[in-house]
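Paired with subunit B in one complex and with subunit C in the other, subunit A is shared by the two complexes that follow.
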Partner chain A sequence: MDKTTIICRCEEISCEEVEEVISNGGRTFDDVKRITRCGMGPCQAKICTSMVAEIIHQQTGLSLSEIPLPRMRMPLSPIKLETLATNSTSFSAVKSVLDDVEIEEGKVR
Partner chain B sequence: METNYETIVIGGGVVGSGIAYHLSERYKEGVLVLDKKYPMSGTSGSTQAWVWVHNKTPSWYAEFSMYSAELYPYLSKKIGDVEYKRTGGLSPFFNESDREKAEKLAESYRKIGIKIKVLSREEVLEKEPYMNPEVAGATYSSIDGNVNPFRLIDMYMRAAKRNGVRYSTYNKVTEIKKHDGKYAVVSDNGAFECKNLILAGGTWSREIGDMLGVKIPVNQLRGQILVSEPLKPFLNFTISGLRQANNGEVLMGYSMEEAGFNRATTLDVIQETANMAVQYVPGLRKAKIVRAFSGIRAMPEDGFPILGKVPGHENLYVAATHSGVTLSPLIGTLITELIMDGETSIPIDRYSLSRFG
Partner chain C sequence: MKTDVLIIGGGPAGLSAAIETASRGLDVTIVDEASQLGGQLNQQTQTLRPLPSVYEPMRGFELAYKLIEQIKGLSVKPLLNHRVVGFYADGSAGITDEENVFPVKAKKIIVASGAAEKAVAFPKWTMPGIMTIGAAQTLINRDFVMAGREAVIVGSSDFAMETAMQLMAVGTRVKAIIEKQSEVSAIDQEKVSELSRNGIPFYFNSFIKEVRGNGQVEQIDIELPDEVITLNVDLVCMDGGRMPILDVFYQLGCSFGFQEELGGWVPQYSNTFQTDREDVFIAGNAAGISTQGPLLLTGMIAGISVSEELQAIRSAEANEMRETLWKELGLLEYKEVYSGRVKHLENFTSPILKDQFIS
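Then we have the complex of A and B:
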């Protein structure tokens, strides 16, 4: 790997960009991700995880087993929103900001 | 590493880094930020990052939020491009019965200088053509917008460091002691000493307060968000519930659950969020979701920011709040004024920790 090697193909993040985060104190894949977008694209870090771990290892001396894996989240592979929707329009955890507005004696509280 | 500082900030999230940056504009040396992990590993890195004003209640809190939103254009001139966009904010409603509430809101807020329009169905669709045609109306204000939270905190940190602020990350504070009018802050990587201590621990404020015997009543409130693949730009506004980022991805979600520090994403809330998104913007049905994430809001017990001096403790300050993204430029400005000048340009007594008794 040299400075211009592309580590994250989805977001086109180079080795140099990853290294900068580590030199500023980042230690984990997710630190690198939040600063650079490395691993935030459609593949969700399936390609770049081990290369980023290698860079962290080289720069910090942490052993690979001490470097946490990126946090994987649903749906793992992109799926259409309609697959997740159940077409209900009653909500409990999901709010509308207007719900928070309370009217008291004809005035906004 | 230097162990003596004028001021130490515990917590490097949007609130702590915002304060550190604003302090660094006034004095160039002697500020240290301690973070138990790396900034953005908590709340600040898992947010839709709306800069939101127009339907915060009560009106004095909306006014406070407005002052902060007004600082954003200037802030991005100073610290660099944080992808702040004053898109205007739309809060749709689907029952005509909500119109009366919306009109009351608009009427009350006109008095404090927040202009809210209550839109008809046709006006909503003219502004936001992809909105569900079954919408009844919406409240709209031009003051609302959004920002890229990662750029925001990265830029705060870079600007603060350029001005001499030191950061010590992956360095958890384990003990705080007070002696000879100074604070001794013990961390995983050694002890530091300072005159001024600022507690900006976000969701962990309660635990940090306990180290000094100060009760900071902040609870946790989870929110879950869905992220789409990048789509062509098609949403014009920050809609309360979803927004489109600069790179085209749409962030969807406005949920609240009491789940402590559990940052799991759960199928029931993901499904509800999907239902909300397709109700608002039916065209999203075919959009692909690449990720769900969840974040924990720092929620003071009465829902309002806790800001200012800690009563009974000289040179001890606290800044703990939800909506940290909206409020960070103002909180940074005010806490800096409080430390440097002893008073703030707008009153913050209402936000004092003393209200909890």
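Then we have the complex of A and C:
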């Protein structure tokens, strides 16, 4: 693929930038994301996930089933903070990462 | 808000699951981000066949109408223009109407989130005038807007062939179909030969090398095996295939397997269309990319399984109905897809991705 081809259109990340992460040892979508911001724009990786997996596959020879899915966090699609805040006093729409972590004697279980 | 069955996605699979559950007296809620039920059927003007034996062949939008007719008078609450934003520790879904987020607690959830189209990357593919085949189909059939005057299509799936014919029907000149493989990927050869008869060239082992234009696509260079040709076009439709939409399953903590024939990563499920989370069922393209007939059948099976779990139908009866529907699925579904599905079921207890950290 041409090096200048855009892979993540939201953050304007090129094929070359993705390949550079792979040459430095990146093997998953989240590796590429953390280093380049690929997938962190308005579409939240809905378009570039499969293209990045394809590049990892071509560059490393890993089969597509060896390239895991990116973590899909809440909120699943962009939402206004005002909406997420809600007008409810009994329900909090905001979820903390700590909600899913169980602590036992000061350590993550 | 409380409901017996929460169905995520109001397309063909979600609607057929709603019919099976609501007709047995269950209280059903359907969430869909669109402003009307029916999903992609609303812009499908082609005749769909084969459909399950209870339906005669009809056009996509007619099928949407027929399905919606059947939930009228039943206890089905459609939440249109609503989205699922995630799930909470107590299992309730966070649903937004864009003004607020509210929790919905369901006894069972059927996820029929459908498929997403994949793009095809080539230099300047982000230029206006370049879109997926689904986007072009939506423009012409739902919005009644010409997507372009002169077009090429990159890819040759059944969906691409249908869209090429629909573009021609509204007066767009389709100048070429460009396929990187050495043969068409469409299974239905009838449409392929119809396009050939209409004089549309198929360029195999070929791809778009370069796109030019001032603010929008005006010209493309196509790399053929032994030469480069230039075409003037104002529309490029990309057909990169489709993949199941998985974010809801990921949030629910479901496990995944990889099955190329089903579109890549697919949530694991059993022959009752139950995922490895016992309150979560799956239906439609999310369970493997297929055609409309089989999609309806998967929705019916999931709906029957949920009805059984909620004791709206006896197990013996549910088993019998599922067996009949699975037989029909084997008849209606493309062989390679069906065998991919059977292989996928066998991996239910040995998923590739499981127990992922969710936040």
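Throughout what follows, the second predicted complex is superposed on the first by the 85 of 109 C-alpha atoms of A that agree within 3 Å, B and C clash if a C-alpha of one lies under 4 Å from a C-alpha of the other, contacts with A are read in each partner's own complex, and residues count from 1 in each chain.
Please note the rule applied: a contact is a pair of C-beta atoms (placed from the backbone, for glycine too) under 8 Å apart; a residue touches a chain by one contact, two chains touch by 3 or more.
If you're wondering where the values come from, they're calculated on a predicted model, not measured in any experiment.
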On the A-aligned overlay, A:93 touches which partner chain: subunit B = first, subunit C = second, or both, or neither? both
Check the residue A:65 against both partner chains and state whether it touches subunit B (first), subunit C (second), both, or neither. second
Once the shared chain is lined up, is A:75 touching subunit B (first), subunit C (second), both, or neither of them? both
Is A:107 contacted by the first partner subunit B, the second partner subunit C, both or neither? first
Mind working out whether A:84 is in touch with subunit B, subunit C, both or neither, as first, second, both or neither? both
For A:57 in the superposed arrangement: first (subunit B), second (subunit C), both or neither? neither
Taking the superposition on A as described, I'd like to know which of subunit B and subunit C A:27 touches: first, second, both or neither. first
Which residues would you name on subunit A as touching subunit B in one complex and subunit C in the other? 73-75, 79-80, 84, 86-88, 91, 93, 95, 97, 100
Residues of subunit A that touch subunit C when the two form their complex: 1-2, 4-7, 9, 15, 46-47, 50-51, 64-65, 68-69, 71-77, 79-80, 83-84, 86-88, 91, 93, 95, 97, 99-100
Quick check: in the complex, which residue numbers of subunit C touch subunit A? 83-89, 94, 96, 98-103, 116, 118-119, 121-123, 125-126, 240, 243, 246-248, 250-251, 256, 258, 260, 264-265, 352-353, 356-359
So in the complex, the part of subunit A that touches subunit B is made up of which residues? 24-28, 30-31, 34-35, 37, 40-42, 44, 73-75, 78-82, 84-89, 91-98, 100-103, 106-109
List of subunit B residues in touch with subunit A within their complex: 38, 40-41, 45, 52, 55, 57-59, 91, 93-94, 98, 101-102, 104-105, 108-109, 139, 150, 154, 157, 167, 169-170, 224, 226, 228-229, 240-241, 253-257, 265, 267-279, 284-293
